[in-house]
């Protein structure tokens, strides 16, 4: 094959793989809400690696591994939210990708339905750490910190922005 | 043409078409809010096929076809929302695409401006069913169910997740 | 090089550049919130050209150029928001791109943490005007109008939709 053609094909393939990864990560992010809000819990857990961590900034609910995530999402606290009406939504995230590793950063909101109408129950900064395993992006860790003025949320944002710079090299 | 080159070009073209479709569907979703919030109603209706259905989970406002959609968006209820200040926003959706057919799933929020400030008036799960007609993605149906604890919303999410699996085959 | 191959490679390269631009603009949009909410102000300012304008629809805070943007984001008003907890989020925007120029249109929300919980403090329509400089998309102007029922917000949406049509030609 002509070297000039080979080079252009290879460049296109690399660029397209980068684009596809960003869209696949968007898909992963937008799967979480519908999965947990409909109690499709296996689907929710499948967004993590087998031993992936879900740290929501509340020690009572820290989770490590699929069994732990399933237990927490199966608990009354979560089922009660779903029963009264809720939505777990994620803003369009900032994403950094390098080879088989990626980081995402955005805002997570938990809305609940109350007697007085719809309310914003929790608002957190949300960081995702992903690896590509067998051609699929899965989370090794998701970290939330409530945006209630505590320094932990600001620190999580700053650290994640720095880690994104390092990742891209 | 060399078979190896032809195969790689063809693979790139197919993958890129998939990527472009996902971005075009994002564009369709993000057109709806600005269109209805500025009373650019022809633009809003053009997001559906000529006989497309808009089922917002409230029989008083069910719509089938462009004329019906235009009538509802031209009604006082909607014009009053716009006059006092409102925003129809859609979360980053999960999307499944197969050939000329696609399904989207996310959350729709209607914010209104009240004397007491901005409020979340409606929060719904939102499903889009699209077909590609003459090279353009248009909705055959958009379905909303209010996330107020009623089982219909959870059922819509579950059914849509299952239909997405079937679509991808 | 064979003309048929050259044509297909060139078409792929142009389409992919368009796709990458849309994703880069998504990245720019999703950088703003984490930057200002963590007081990473140089990163926030870098989203604009050196003399870029940030018009938030409140004359007290209009900004032109990096120094001006940094001054405003460094002021007590903004630092107090960050200290009590806040999130600046942007909805998935509608985007129009032509060559080295682009326009984005979506909704901006400023959430704050109050004694009573999380509240939606400001809800605006948000328009971005970008140019591509040295291979990077930067804003020449960002314009907000509060969705409080004033005609300016509706007019900004309509004008932006019209400008997007003109841009695409």
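First chain written, first letter: the chains are A, B and C, and each begins at residue 1.
The definition used in the following text is that a contact is a pair of C-beta atoms (placed from the backbone, for glycine too) under 8 Å apart; a residue touches a chain by one contact, two chains touch by 3 or more.
Fair warning: this is a prediction, and the values are worked out from it, not measured in the lab.
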Margin query: For the two copies chain A and chain B, what rotation in degrees overlays their C-alpha atoms? Round to the nearest 5.
Written below: 120
Check: So chain B and chain C: same face meeting same face, with over half the numbers shared, or different?
Finding: different
Note to self: Based only on mean CA positions, could you tell me how far chain B sits from chain C in angstrom?
What the structure shows: 23
Margin query: Two-or-more-chain contact residues of chain B, please, as numbers and ranges.
Written below: 5, 9, 12, 16, 19, 91-92, 119-120
Notebook entry, point to check: chain C touches which residues of chain A in the complex?
Noted result: 2, 4-5, 8-9, 12, 15-16, 19, 22, 91-95, 105-107, 119-123, 125, 146-150, 153-154, 157-158, 160-161
Checklist line | chain B residues within the chain C interface of the complex | finding: 1, 5, 9, 12-13, 16, 19-20, 23, 26-27, 29-31, 33-35, 37-40, 43, 82-87, 89-92, 111, 113, 117-120
